[in-house]
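One chain, subunit A, appears in both complexes that follow, with subunit B as partner in the first and subunit C in the second.
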Partner chain A sequence: MINRERIERIIHSALDEWQQLNPDGAKVAKVPGTVLFGEGSTLDSLGLVTLIAAVEREIAQEFDRPLTLVSEKAMSQRTSPFRTVATLTDYIASLLEEDSHG
Partner chain B sequence: MAEQPVMVITGTRKGIGRSLAEHYCQHGYHVVGCSREPAAPGLNPYTHFCLDVVDEVAVARMFFEVQKRCGRLDVLVNNAGIASMNHCLLTPLATVRRIYETNVLGTFLFCREAAKLMQPRKWGRIVNFATVAAPLKLEGEAAYASSKAAVANLTEILARELAPLGITVNAVGPTPVKTDLIRSVPAAKMQTLLRRQAIQRFGEFADIANVVDFFLQPSSDFVTGQVIYLGGV
Partner chain C sequence: MPIGFLRRVFQAADSETAFLWRGQPFSYGWLLGALDRWKAQLQAESVLPGTVVVLQSDFCPEAVAAMLALIEQACIVVPITAAAGQQADEFIALAQAERVIPPFSGLEQHAVLTRTKVCADHPLYERLRREGHPGLVLFSSGSTGQSKGVVHDLVRLLKKYQLRRQNLRTLAFLLFDHIGGFDTLFYCLSNGSSLVLVEDRSPEAICAAVARYRVEVLPVAPTFLSLLVISGAYTLHDLSTLKYVTYGAEVMSEATLQACRRILPQAVLLQKYGTSEVGTLRSHSESSDSLWVKLGGEGYQVRVVDGLLQIKSESAMLGYLNAPSPFTEDGWFITGDIVEVNGDYFRILGRQSDLVNVGGQKVYPAEVENVIQQLDNVADVVVFGERNPITGQIVCAKVTLVQPEPLKDLTLRLKLFCLQKLAAYKVPVKVVLAEGPLWGARLKRQRRPVEPTPNLWL
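Now for the complex of A and B:
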């Protein structure tokens, strides 16, 4: 079973990294409902790119395996898995579960 | 994190890729190379991965290992490429697909994965391989030249997308160089091609390395989205 808290911690850390790079940008709350993508997001497109790359890198380090978050399946879902901290956490957990079951 | 700068070069088993790997090993880089088959020994410091450049899982694994072992990536040189020279009516679709996969998809995939590793340090250099066959619009090279035209356009667009991350993206467009890539092309056809260049000779490895060296210089940080064609094309 994948520990969701570990994933959330990584997303929060990536948000911190983005915040440090954009000290003048809007403050992003580290809560499950924070919108990362689409209407109401505090991240611009470059912010999302930076966040996704940072999350991939940290997940690889933490779980000792490469993980690519972008896929056709992810991009075509009605509710984007990148929409909020919570949906991104669920999505990463599902990818890691799939991966661990080969 | 490795103190030495780290460079990924694709297609290092032979030809220009191998020469580039030797050149940059000698110039202080830790070179990470790849090809479908193992590389001959003699390169140091060098790490080799056997993979197909369009195998997304294998490529992601390779970059994961680069991050794990070296902790950084400074340069990517997308050298791997294949060609097939024939009239379009005599070109199987499978050949076109193979050329596009290696030349376009492979280049895209490596750029994407490399940029992820370069992004945290806000610094990186990507050099792609175009060809003079594209601007010369050479008959008999529809698949190869058009795939490289796509690489040139990809270079220009990625330059804009990756500029905010501190990464430059440029391309070198070599003339024919005496490698396996042109082995099957008749000599008369080669001479016709060379006559269309301003400087009518075969390219040498040093001509290509010179352009790549220029793109990598720290002082070239304002140079991006450029395709430099050799031979005055």
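Now for the complex of A and C:
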């Protein structure tokens, strides 16, 4: 079973990193409902790819396996995995589950 | 006689040193003798004009004599040095080699000429044979990864060397199976100059050779200059004899250029430009600390179309062995190099194929590399694009460090530094640590698994 808290911690740390790079940007709350991308988000497309790159890097380190988050599969999901902190956590958990069973 | 003019130079220079190799001088008189000896062997072994001969050798005096004999015999020469590595067999097949001079140490005065069963019937070879002209085949790796065989008519290519220029002692840094190395060699031979041949191309070895032989001209690739700066090898040897340091083969970083100005204050730093396809252009840098360069010279015309440099030249190649013609209908070669123009001066921004497109905005890797190189603890960096479904491509930086540093800390430091100097879309999204060197066998930066066609050289 993948520990969701570990994933959330990684996303929060990536948000901290993004915040450090954008000190003038709006503060992003580290809660599950925070909108990452789409209506009501503070990240633009460049901010999103930067955040995702940071998450990928930390996952590779923490779970010792490479994971590609931005893929055709991610782009074709009915609810975008990049919509909120919660959807991204779910998506990463499912990818890691798949990986460990596959 | 395609090299009759060279024979006259050699005769006049007779006792002067042509090559310095492994600590030994080889005079122009020796070169004439070796040329005649090789010529006699070719004739004894019935190597007829128009034969495609692969010369597999390192850059040594005997190999140069063999190459000159093959040219005088009106053969089609295919030089292949050890830098070709595992691609050597692919090149031999692509060139349709009829005879092969296998790798020799340079100490032998005689080589075995292996006969292959191949009949070299390429239309470009037929054209050379009809005119009775010697040919040259060089290989350049294309942006799609397929190596391209470039066929030159040596009567056309060698014409420009008939004009005598400065006699300066030069170090042969680039290899003779590369258009830049070929140019260095023929420039020196046509002026009766001494050429220092080296086997070790590390900064330490090159600096030691410059000091030992009092080298005046050092033609290198920018990556070598970066290594020179990082290694500190320049502090251990006297480099004050250097009058000219020429660079090309890839985009030079501003940071490296400025560092070279500091460590080689007496030398003029010159940017050179040439391509395997059109040969070498005469160039003139605006100043030693400028990346703006005037290009052209006798026999060359330059123009810019859609931001890309195009060149028309009398000494351009006849064509590729294995690719469609890259020339426009009116005979201009499309270099694929993006340039900025200011009056008569050009600034090379990079290869069109290296350009990173982030959501429709263009990023030149060299510009980003130039910034990252100024960051503490960064030894070297290459910047490249990676496919990304969100922005089309993202900018990535592969870094080698001076001291170990956690990737997370480096990433943050690098991004913050870049944000101060570059637009946000140019700042690398991904930073990775390189496991090996960032350059290939010819000391050129590798942005992709396969190098794009190198156009700037020397």
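Here is the rule we go by: the second predicted complex is superposed on the first by the 102 of 102 C-alpha atoms of A that agree within 3 Å, B and C clash if a C-alpha of one lies under 4 Å from a C-alpha of the other, contacts with A are read in each partner's own complex, and residues count from 1 in each chain.
To be clear about the criterion, a residue touches a chain if its C-beta (ideal position, glycine included) is under 8 Å from a C-beta of that chain, and two chains touch if they have at least 3 such contacts.
All values derive from a computational prediction rather than experimental measurement.
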item	value
Subunit A as common anchor, with subunit B and subunit C clashing or fitting	clash
Which of subunit B and subunit C A:N3 touches, first, second, both or neither	neither
Which superposed partner A:S94 touches (first subunit B, second subunit C, both, neither)	neither
First (subunit B), second (subunit C), both or neither touched by A:M75	second
Which superposed partner A:E58 touches (first subunit B, second subunit C, both, neither)	second
First, second, both or neither for A:L46, with subunit B first and subunit C second	both
Partner with the higher number of touched subunit A residues, subunit C or subunit B	C
Among 60-68, 258-266 or 312-320 on subunit C, the segment whose C-alpha atoms clash with subunit B after superposition	312-320
Shared subunit A surface residues [contacts with subunit B and with subunit C]	46, 49-50, 53-54, 57, 61
Contact footprint of subunit B on subunit A as seen in their complex	46, 49-50, 53-54, 56-57, 60-61, 65-68
Complex contact set, residues of subunit A against subunit C	17, 20-21, 45-46, 48-50, 53-54, 57-58, 61, 70-72, 74-75
Subunit A-facing residues of subunit C, complex	358-359, 388-391, 394, 407-408, 411-412, 415-416, 419, 424-425, 429-430
Touching residues on subunit B, where the partner in the complex is subunit A	56, 60-61, 63-64, 67-68, 115-117, 119-120, 164-165
